[in-house]
Every structure is written in structure tokens, then in C-alpha cells.
Amino acid sequence: MSITDPSIHTDSTSALASRFLGVRGLTDLLASRLSPEDQVPQSMTESSPAKWHRAHVTWFFEEFILRPLPSYAVYDESYRYLFNSYYEAVGARHPRPDRGLVTRPGAAEVGGYREYVDSAVVEAIESGALDDAALDLIELGCHHEQQHQELLLMDIKHLFSTHAFGPAYVDRPADDAHAPEPLTWRSVSGGVTEIGAPAPGADPAGFSYDNEGPRHRVYLEDFEIAERAVTNADWLEFIADGGYHRHELWLSDGWAHLGQTAWEAPGYWESGDDGWTTFTLSGRRPVVADEPVLHVSFFEADAFARWAGARLPTEFEWEAAAVTAGDARGQLLDPDRCHPGRAGAAMIGDVWEWTASAYLPYPGFVPANGAVGEYNGKFMNDQHVLRGASAVTVPGHERATYRNFFPAASRWAFSGLRLAR
Amino acid sequence: MSITDPSIHTDSTSALASRFLGVRGLTDLLASRLSPEDQVPQSMTESSPAKWHRAHVTWFFEEFILRPLPSYAVYDESYRYLFNSYYEAVGARHPRPDRGLVTRPGAAEVGGYREYVDSAVVEAIESGALDDAALDLIELGCHHEQQHQELLLMDIKHLFSTHAFGPAYVDRPADDAHAPEPLTWRSVSGGVTEIGAPAPGADPAGFSYDNEGPRHRVYLEDFEIAERAVTNADWLEFIADGGYHRHELWLSDGWAHLGQTAWEAPGYWESGDDGWTTFTLSGRRPVVADEPVLHVSFFEADAFARWAGARLPTEFEWEAAAVTAGDARGQLLDPDRCHPGRAGAAMIGDVWEWTASAYLPYPGFVPANGAVGEYNGKFMNDQHVLRGASAVTVPGHERATYRNFFPAASRWAFSGLRLAR
Amino acid sequence: MSITDPSIHTDSTSALASRFLGVRGLTDLLASRLSPEDQVPQSMTESSPAKWHRAHVTWFFEEFILRPLPSYAVYDESYRYLFNSYYEAVGARHPRPDRGLVTRPGAAEVGGYREYVDSAVVEAIESGALDDAALDLIELGCHHEQQHQELLLMDIKHLFSTHAFGPAYVDRPADDAHAPEPLTWRSVSGGVTEIGAPAPGADPAGFSYDNEGPRHRVYLEDFEIAERAVTNADWLEFIADGGYHRHELWLSDGWAHLGQTAWEAPGYWESGDDGWTTFTLSGRRPVVADEPVLHVSFFEADAFARWAGARLPTEFEWEAAAVTAGDARGQLLDPDRCHPGRAGAAMIGDVWEWTASAYLPYPGFVPANGAVGEYNGKFMNDQHVLRGASAVTVPGHERATYRNFFPAASRWAFSGLRLAR
Amino acid sequence: MSITDPSIHTDSTSALASRFLGVRGLTDLLASRLSPEDQVPQSMTESSPAKWHRAHVTWFFEEFILRPLPSYAVYDESYRYLFNSYYEAVGARHPRPDRGLVTRPGAAEVGGYREYVDSAVVEAIESGALDDAALDLIELGCHHEQQHQELLLMDIKHLFSTHAFGPAYVDRPADDAHAPEPLTWRSVSGGVTEIGAPAPGADPAGFSYDNEGPRHRVYLEDFEIAERAVTNADWLEFIADGGYHRHELWLSDGWAHLGQTAWEAPGYWESGDDGWTTFTLSGRRPVVADEPVLHVSFFEADAFARWAGARLPTEFEWEAAAVTAGDARGQLLDPDRCHPGRAGAAMIGDVWEWTASAYLPYPGFVPANGAVGEYNGKFMNDQHVLRGASAVTVPGHERATYRNFFPAASRWAFSGLRLAR
């Protein structure tokens, strides 16, 4: 299956409607493999039910595009309460840890809600009634929904992994095993370097979130970056060398976290008579040596780098390296795969890569106006930046300036690492 | 709607098969009002998903009746892990707090499981292959399923109550308001009194759980018992008199619990512009003055009794009073109502009544042999006995010797109280 | 050392003054072995600093005896806040979990407070200004202080046990090891039996707490009771037989508690190269076979009894057996020992014995008037009764009707068990 | 009182011995105002008992300087376990949350330990037996002890604040109230800027921690910095303007933290009939308008800056501004004051100032070799950098490159803020 995502901001409303419907259709396709029951639970506080994702992204369009239109009839006023994620400016909302208790509306009625809003948005686009700000919000809503497509797959993977007889989201054949590529390094020159996305006006074809700008200067020393991500084979060496039991490799918080969790391997890994297996969206599978390691926390990534005599790149180094790396892409979302391929040269794709950088505002950062200004900025505390994209990132949603972020102990994202020195 | 429950232990296998199918059918009827999504969540650790209840009671028959039969093919071996509740003797089981994460099997497949086991049990009964012990276990399994029918309704009520726009499980018209009956007292004579259910052999028509025996002697002083349960009108007086804010009325643990929960009223009550409402299985409704108060904890029942210048009866007093009260029944389960009626003279029905007694073994108590011996005895710690039956107890499942039990702070059962002095 | 405790309620004020000073002096003696630093920490929420015990028992006399006297000048008004334990009627108080943070007044100033109150109480007694109710409160205050003498030693034992190089409270030579007595049984006749302490007026020489009455009738079946407490040798057999790993021996709450705590032996026991040791008030010592087992929870006592094919006695059986056992006493407090002797025939002394009974009010129980009515009754929830007395109970404070109580998981008291069947 | 701290790294061993004894003597002076009881409790997990601070800094010299010397006899081997803070390389240690339970050694014996180690260190210095690495470790140990002097005062302030009748650590007269200085701004030029401390060899007179280097280049835009810290008067405006109740001012984590803590004002503030008071080391005092605000968390500092239409400086901006600000100092530790003065022009002194920067390694950072390499680097996760120094920082311990760090919610340090834009 191939997903085409033009992602082109256009003056042509029909192209925008088409783009909008393409994004919406992919969500429907991803959810179509889930039963109504699969769409209900919230398997941890950080995740959300599939049914909730489907409704929340729909509410985003309803709340910010349709509700301001005088002619629009809100589908169900209770949804504003049920499907607001965290927008304080919009008012009270259902408590996040209890999203898994909302059984009504059911999966089918959420489908009805989606159709209703789809029609209304397309009609609004085609009517010419939307101003440029509203059209920009539709574009933002499309990107927002793409983010939730990745979250939906992360969350379903987590949910299914809690089942003792872990179901498969997608059937696919076993991967062939290969020896991993040897690790080689590429030199990147430092100096004063421009980082971040240009202002929206500067590049009409490009979309970026507010947190990717303003574009600004940083001073970098020369550095080297690894030409592939760290692989499962590398990680097995780390385990064999006692990596999880050597305090000198770990940050203090990480070592304390190990004490609480007794982690001995990446997320979803289990050790059995036939060696290590990992839970995938196709069920439990043997760990494949030349695939990039997945579901490691920042703590583990940082400890691995120290063990390897290297370090994580800063997000600025990472971006500078990615800009000079060309347009190659690793595995992005293929709904028939939902899993990385072999670790290769591309910096974008396969796995999100932890950086050494905390998630902080760029100099001069100003959040967007209104409720959507809560999208990114207010989370700039105690999170760590990941760069790149993963095998569950929708093609067209990835770019070199993209800043993903998670807390240091988090590992349900498709997260790995790339070394620098 | 009327539920007939012969509940008669019989030598006639066809009568047992009929009884079995009657019990099973009521579960199906109760579940038929729930969507697949409604059947998934576990809204607190103590409750269980409706889908889990339906599968667990089925597993009970499969595990203890069918699995020992050489000719029986287990439906799905994974269900033993997924649907064992707490039988340590049966082996590992799915962690209780995570029952809401098991989306597969879905609601429909649980229906298939139920049909498969139904056929196999009926066939086994009719084949004459079951010995008396197995036939007794079928009877136990029927009572077990009746208990879970009440739990299913308690749990759905709790789940729906967490929804900001609380759905109705059953539609029914508003209740008429009446002035409550005045409180009158009945004298009961003490002395050495026999308490508990006779041994199974002694009364072939009677079923009882192991914890209701052995029948034994206790010494009672003369006492008086109230001729109706405490009503909502009574409770409103307690609230108005500062009952929730006067430490001298409360046990120390209860007072501490108030400090943590900030309770100001029974469970599901909310105060609004039009006075107090409560959540019912027909949605949120005004509190009705002459109905028995529902969803109070032992702590609240005990404090109320102290405030009223009375006390809770012991479970022995309660049983002695019930035996002399005749066969009148308050409201038992009517699936079209699922809610008590006016507080009346009957001691059994409407609401479970907290007693002053801790849940402890009777003298000479011996649990049943085998895994089913885990049914009751192992919970005899830090729980309090409730007697009677409630508006969600299945007719035929109630009796004067029945010992229900919950922790002191628990209030999701249909629990109220009756005063003694 | 010998402690004489006449404990005789008397019309002679000089005898009461002498009794009062005797009790007060023992507290001073017990505290004299502690440094100021030892008297500060609270090593768990349930325990209290030694300095706090010394001040609290003093405050009890000041609050209930002296404060009502017009001529009395309160020592320091802030002490009412700092040293009230749980009397809601007296007003706000320092939060219990933070007692270890109150460094001021220091140990020496608490000594000054004690002397001040001692003089004032003796003066009040001798002045003849106190009415009978006040004189009774002095007697209650003496018993209250004796209870706190035991608590002080329990709490110091717990505190010292947390120190990696556990200090000794008292030096004493090692105990000789003997083979334990074989277990023999004594028959006790049942029937309607009177239980509890007589009303205060009925026996002028006897003191009892309100929770020991009213004296009332219970019906008992005939039973047998073991002629010695369970010993460490018995317990080692239980451990060796997998007692801590066999779910069928345990109450469900107990089994869950084992899962959380990973208990493998009684409190303070540790397994080393030379076998089991236990922490005593004389430091860490080898476990002595013929001493009664100490520091077991109700859960463990109950599981042990099931393993032994016996059961715990109810508190009524225990009292009936004790009344017929005569006046023999096991080890009571000897400040130079603070540890039980060999398990012998006496039912009172050496160790508190868990019973099968929940701590509930006797029929007709009415708490004392005023703030001291909070002494016992409000704790009648989710606690279990222990009977007897221990090697840290002050001689004169023990009696057959005494009801001690702790939660089921608690084991910092000197708690053991005696079997019945 | 004046504290002279030459802080000069010197070839002269007598100067080093003198410096060492000066630092040690100040700890003794600070502790001399505390009773033995005051030195025991640990009032929260993050703090430590005064007695522990005194012993731990002593152990640091014993462990890293004296223990390697063949002639040295360890004072007490148990102290290595009791007084190691977090050095994994040194072995097992007493659990941090339980430091308040270690009553032995007592305060006086810790004094004996200090004297023993003092003599041994001075003797070692004067003997000429120490190599340069060891002499550097003595210098490090002196700075380490100075850090703990500040911690000791922070911790005593916290401990005393939990006392309902908060004692005074030091008596001092009330401060005069003045109108605060108006807020003015100073421009600082950007460009490629050198940040951090020079390598140890480069400046023989200067000491710095490993985390202050390597000195490296960063690119800064031009910016403005406030010419005084934010004052209590400023903060009262923020409160009055609803600052603690306006979600749009807060980071998401901060807003959630407000929900849990219900903070309405800085740490130690209380609102009473006569307005706001704050707890100081001289007891509870009225809030003084022109003093810098103290005991605010990063969350509060960040919200305040947003409310003020400004922002926090990055630590790089702060350092660049401090370097150009000259050598003026605000209030540093005066043991007779222990409290800031009026907010003035100096950037170093009075209060630590939160920056916008996460605590991360500088490019090329390498921790020191051996156990002391655990001093700083392993804490580089989810902490925020503060710059400057406070009124409880020892003179001579402050410098422009110093990086202090705390978690975002922490506010028991003497922490305030300075605006940038």
C-alpha cells in the first residue's frame, strides 16, 4: 500500500479539500482493523483510546473551524467536554486518566460524527467562506490528525501488548535476518548555523509547527555523526556487557528508575528459551539484529551512548547533520507493515532519535494566538527532544526541523537513537 | 417483567437443566441492553467489565464441571487465564486491575463461548454422566452467576455514573413522592438462639453458601428492631444536622476517610439548584424521600445510627429478627426497574443492610473442598456483614441466612441500613 | 530489678499520690537510657518519638486534671497543640505523621514539664480539691501512661531496628537454649458464659477500660486450648514447610500483603550464615527455639494455625480459658530484660496473643463521657483483638479481661499466638 | 560578623590548612545554634538532618583524602555506610529517605568525628605526603562543605517552618520597609560569546566545578536584562492580578502542580489578618516589599515572567550579563542575618535566580575521574539552572560561572528571579 500525501499548502480550495479528505480517510483505514471493543480502553494515562483519537481530531476541526461559522449546527454539545484534550481556553473537559471509561458515543457513532464534520468542512472550504486564518487552521488540523495517527498506532501497540496472548494489528511475513551494517561516521562542520523552520510566509509550500521557529543562529563545534541508527545487535552487546547493571553509565534519575522498574531490555522485549522477542504490531516476534532498536527511553539511550564511548547529538547538531544528509527517507508509515526496516543511512524514518537536548523554546518563540497556542509551548518542561520520524509516522508529516518530545522515562513511542561524537 | 426462579434442588436432571438455562438466560437479557463498548471498561479496581462477568461465570462451569469430563473439548485454553477471578488453586490469571484492557474476545465472541458451554452443560446433565458432587457444583454455579448478575448491575451503574452525561440503563417513569412511614420498633426476644443455615443434607430444598454454616447457638439479649429501613428523608435530616461534620458521631477510620474523600452525602448524590439528585440505572433523578437510602458506607451507616440514638443490629440479631418477620419481600430485581421501592416492612429486599458484625467464620466453619473452597472463607478479614437483599438481587437468590460483605468504606453496592436498639 | 505496682484504687490520697509517682518514675527510668537524639524520630506513622510519649502522658494529666483547676497555671499553651494525640474534642493538634519533626521542646525541657505537672498533681491530690471523677481520671491517667510505657519500648525497638548497626537498649547476657515443651491441650467447658469486666462500682479494687465492659453473656461450645504459646521452634517448622508460600493457608488479604512485603519470617528476623537472628532490645540475637514467637501479624498467626490443623481462639474462648487458668504470669516488664522468657503455661505475659475476634463493642457498650470517651470506642473498626500481656507490659497493667487491638498486618507489638481447636 | 574566605588555591600548605580550618569552623559555628534534637529530623526527602550534613562533609575528607593514606586509622567503619550521600562507586549506603532515623552517632559524637578528621587532614597537609590530586580534592572538599553550609541552613529553615510555633535560628531586628526601586533594563550585546569556567590549569587562583566547563562558544542575540531582581512588591501585584489562577500564564506541568498543591503564594508565605507573612530564619515576619521574592519554584518564576510580558534569561545570557556587570555582590551569608537585603543592582547575592535553561552538559563536558566524578554530571536530567548566589551562600563560594540546579517544582532553596527580554 502506498500513501500519497501532497501536503501542499495551496490556494486551490479543491486541493485543500482533497488533502483534508485524504488525511481523514487514512484515520478511517487505520481504525478499520479494530473492533469496537479495541477502541475503548486507555492502557496507561499517557495513551488514549482509539475511539477517542478518532473523535478528538474531529472535534478539533469542529471547534476551531466550524463552530465559528454562523450556519454550522454543532453535532453534539457534549462532545466538547468529552473530546477536548487539554485546551484550557476551551473550558472544562473529561479527566484525562478516565478516557477509557467513556463508552458512549460508541465506535459507530464516532464514525457518524466524523462523516458529519467531513461534509461540513468540505462544504465550508468549497463555499469560499473561510478566511486565510481558517484555511491555515485546516492545514494545522490535518497535521494534528497525522500526529494522532501515529499516536493511535503507538497506543494500540501498547494496549495489545498488555494482552497475555498479544493480538496482531496487521499480519505480515517474518523479516529476513541480516548482519547489521558496520558503524561508520560522517563529519559535519560547525560554526554559526541557522536552525529551525522559516517563518510561515517565507516558504509557501512548507508547513511547520510554531515550536520549530523562529529560525535562529546557534554556534556549533565540528562533530561527527553515525551513519546509521543503533541496532538491536548493538543493544544485545550492551545488555551482554552488563549495561543495565553498571551505575557509572547512567544518569542518577535513570539509575533510580531502573531500581523501580527492573528494566533489563527495551520496551516490549521478553527473554525466552529461544532468545529475545519483542512485541510488534504483528504480534510477538524474534528481535531482528539489523533493525534499529526501538522503544528505548532517553535514560537508556543516554547510557548506551556513554557505554559506546560516544554521546547523543544535540538537536541542533542533529538538524545540521540532517540538512546535509539529503532527502533519503527510512521506513515511514506503511499500514501493511507498521514496523521499521533495516537500519540504513537515512536520518528521517524508521525510528525517532533521542537527542541530548531538553525541549525548550527557541529564542524569540511566541506561541500561536488563541486556543491553538496551547498546542506546543506549554509542554516545554522536563521533556527531551527526539528528531527524525518513525515507521508509524505518516509520509508527508516528516521534516528535518520537526521537534518531537517525550519525558526521559517514556518508551512507548517508536524511539531509538543515533550516536554522535 | 417477572423473573421466575424455581431454585429448587432436584433429582430431576431436566429440572436442573431448565433452572441452569433460566439463570443463564437472565444474564443474556441483562447484557442485551449494553453495547459492545459498554462491556469493556473496569471503572474501578473493585468492579469488573460486563463482558468479563459474562465470560467468568461461564468459565466457572467450564472449569469445575466440564473440564473434568474426558469428552469435553475446552473452548479456548487462554480463557482460563483471562477469566479466572481469584482461584489460586487454578493457576496464574490476568491481573485484576487490568480487566478493562482485555478487548479480545469481544462481546460477540463471549456470546459464542456462552452458547458453547450452555450446550455442553445441558448435554452433560442429560447424559447422566455427572455425579452428585458435579450436580451440586452446577447448583453452586447458578448461585454464583446470580451473584454476578447483581455485580454486573452494580458495576454498570458505577461505570455510567462516571460519564458526564450519565446514560440510562433502563428507561422508567419518575417515582411518585410520598411522606415516609413513621419509624416504629418491634421487640425481639433474646436467649440462646440458633443462627445460620442447616447443613446441606438437612434440607434438600435449600441451598446455602458454606459461609452461612454451621448452624450454631449464640446468646442474644432482648432487643428492638426498626420496622423499616432508614430513608432518604431521614438521611436529609442527618445532613442538615451536620452529620458529616461532627467527629463525635464517627469511628476514627471513618472520620479519617471523610477527611480524604470530603463526602457530604451518600454515593451518587449531587447537590444542585433544585436540591439533591442521585444517579440511578435510569439516569440522574431527584432523591425520593420515602425510598430507603442507598449507597452508604458502613462508616456512614454507623455514624447515622449513633446520631439517631440507636445502633446497627448485629448480624445475629438481624437474622433472629428476620426469621420472625415472615416471608414478605421488598423490591428484588425487576430488570425494568433496577431500583428500590418505598421503604416498607419487609426485611429482605430493597437494600442490603449494614450490620454491626465483622465478617468472620461461624464456629466450626470449614470451607468446601477444592478450588471452590476459595469462594468465601478467604475473605474473612476487615469486611463487614450486610444482610437482606437489594433491588438488584435476583429473586430466588435471597434468604434470611445470606451473608453479604464489603469493606467499611465501600458504597457501590445497593447498601443501606436498619436501626436497632 | 523489680517493679511493684499496687494498682489499688484507694480512698487514701497519699496512696494515690504514691501510685502516681511510681508510674511517673518508671517512665523516667525507661527514658533515662535514651539520648536526646534517640527521643526525636518517629520511625513509622504508627509509632511516636520517645520524647513525645513522655510529654503526651503528661499533657493527659494536665488537660484532664489540672486545667480545670482554677489555681493551675498551664505550663505552656503550645503543648496542647503539640501533645494531644487524637482527642478531637480538645481541638486542633499537630499532624500525627510529623511528630518526628518537633524538635522543641527538647528532651530536657520535657523533663521540666514532667516535674512541673508531677508537683501540681500531687499537690492537687493532697489538697483534697479533687472530686471522685477527677481521682478516677488520675487512675485512668496512670493506666494510660503504663500503656505508653509499652508503646515507648515497642517504638524504640522499631527505631533501633532501622539502624544498620542496631544499638542495644539494654545489655543482658545471651539466653540458654532449651528444647521447647511439647504441645499439650487443655479442655474448657462451654455453655452460656459471662465475659468482660464488672462495672467499676462492683469491684472497688479493680480497674478496667470502658471497652472491657459491660460484662455480658456469650454462648460457647466446648473447646481445647494449647497449654503454651507457639514457639520459635514451631515457627521454624512452618517456614521449612513452605508456610509463607502456600496460598491455601492464607486469607486473601494476607496473601496479597505477602505479595507486597515479601515476608518470609516474623518481624525483625533475618537469615544469615549462622541461621536466623532477630532484633531485640539488646541488639541482634540468635532466634531461641523455646521462646514464644514474637512480632507476627494476625495474617501470619491465622495462617500458622491453619497449617497446624488448629485455629485461633475467639477472645471469648481465650478469656474463659484464662479465668480457669489461675493467676500464673509469664514474663512481664523487667527493665533489665525487655524480652520474653521460655514459653510456659501462663496465659498472661511473654507475648500478646492474637485471637480470631474482630475488635467490636460488647453489647450495651457506652463510651465514657467527655473527651476520654474517645479513648477506645472510636477505634472499633478493622482491628483484631489480642489478649494476654507481653514482656514489655508493666506488671499491674495486665488482666484477663484486657482487650488489646491492632490491624491485621501490624507486627511491631510483642505479638504471638496460642492455638485452639 | 564577617566571614573571610580567601579561597585561594595555593602552593603553601599552611595556607591550605588555614583555609581548610576556616571552612570547617564555619560549619561548627552554624551548628552551634542548634540543639542535639534540632540536628536529628529530615523534614522532607530532599533535605537532610543537620547532624548528617556535619558528618557527611567530614566523611568526604576521610573517604577521598585520608582513607588512601597507609597511616590513617578510620574513625568508625560504619560511618562509610551512614554518611555516604550518593556515591555509587563507594558502595552501599543508608537509604536517603531515612536519614532522620539515625540517632547514633549523636550530635556530640559527630563533633568528635569532626575533630579527629580535622587533625588528620591538617597533619596530612603539613606532612607533605599529599600529591597534587589530593590537594585538589581538599580544595574540592572545602567547596563541597560550603555547599552543605547553605544546604544546612535551607534544611533548618524548612524544618523549623513545620513547627506550629516556628522557632528562630537567629535573632535580628525587623527590617525597615522601603518602596522598591523601579524596574530598569540594561542592554547586553550578543554574538558569539565565550561561556563557562576556564580549565583548572588556566587560572591557578580560580576554582570551579567540573560542570562549569569546558569554556565554549555560544551564539547570543542582543537582549536586555532587568537591573534588579523581582521583588515581593512585584509578586503581590502578580497575586492580586490572579496570577495563580490564570492557566494561560503557566506551563502545563506547572498548572497541574498548582492543582495538586493549591499554591497561592511563594513558599513559607501565609496570609493573615495583617497581610502576608513569611517564615524566615528569624521566625515568622511580615513580607517586606523591597526585598527580592524568595522561595518561588521555576514554574512560578516562569509564569511571573510571562505575566510581566518578559521572560527568564537563559543561563548563557545571564552569565554574559553578569560578566559585564562588575564585581558587586548582594547579600551573601552573614550568620547574624541569613536573609537577603533590599533588591539591588548586583546580580550575585541575595537570591538564586532561575534561568530558562535546563541543566545539561556543556559541549565536551567530561566528569572528573573516580567517585568524585559523580558530583555533578549524573544529575543532568529534568533540572533547571539557577545562577547567582543567595543570602545563605558563603562568601567566596560564589562566582559568575556557578551553575546551581533544582527541579522545576522545588522551592526550599533561596530562589527568586530576574527578568530578561
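Here the chain labels run A, B, C and D in written order, and each chain numbers its own residues starting at 1.
Basically, a contact is a pair of C-beta atoms (placed from the backbone, for glycine too) under 8 Å apart; a residue touches a chain by one contact, two chains touch by 3 or more.
Labels paired with UniProt names: A, B, C, D = Sulfatase-modifying factor enzyme-like domain-containing protein.
All of these numbers come straight from a predicted model, not from anything done at the bench.
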Required steps from chain A to chain D (each step between touching chains, minimum): 1
Between chain A and chain C, centroid-to-centroid distance (C-alpha), Å: 60
Geometric centre distance via CA averages, chain D-chain C, whole Å: 46
Centroid distance [mean C-alpha coordinates] between chain C and chain B, Å: 39
Sites on chain C at which at least two other chains make contact: none
Graph class of chain-chain contacts, one of line, ring, star, complete, other: ring
Chain pairs that touch, as defined at the top of this document: A-B, A-D, B-C, C-D
Contact footprint of chain C on chain D as seen in their complex: 35-41, 43, 51, 78, 81-82, 94, 98, 100-104, 106-107, 159, 162-165, 167
Chain B residues touching chain C - in the complex, by the definition given at the top: 86, 88-89, 192, 216-219, 221, 247-248, 250-255, 298-299, 356-358, 360-361, 363-364, 378-382, 408
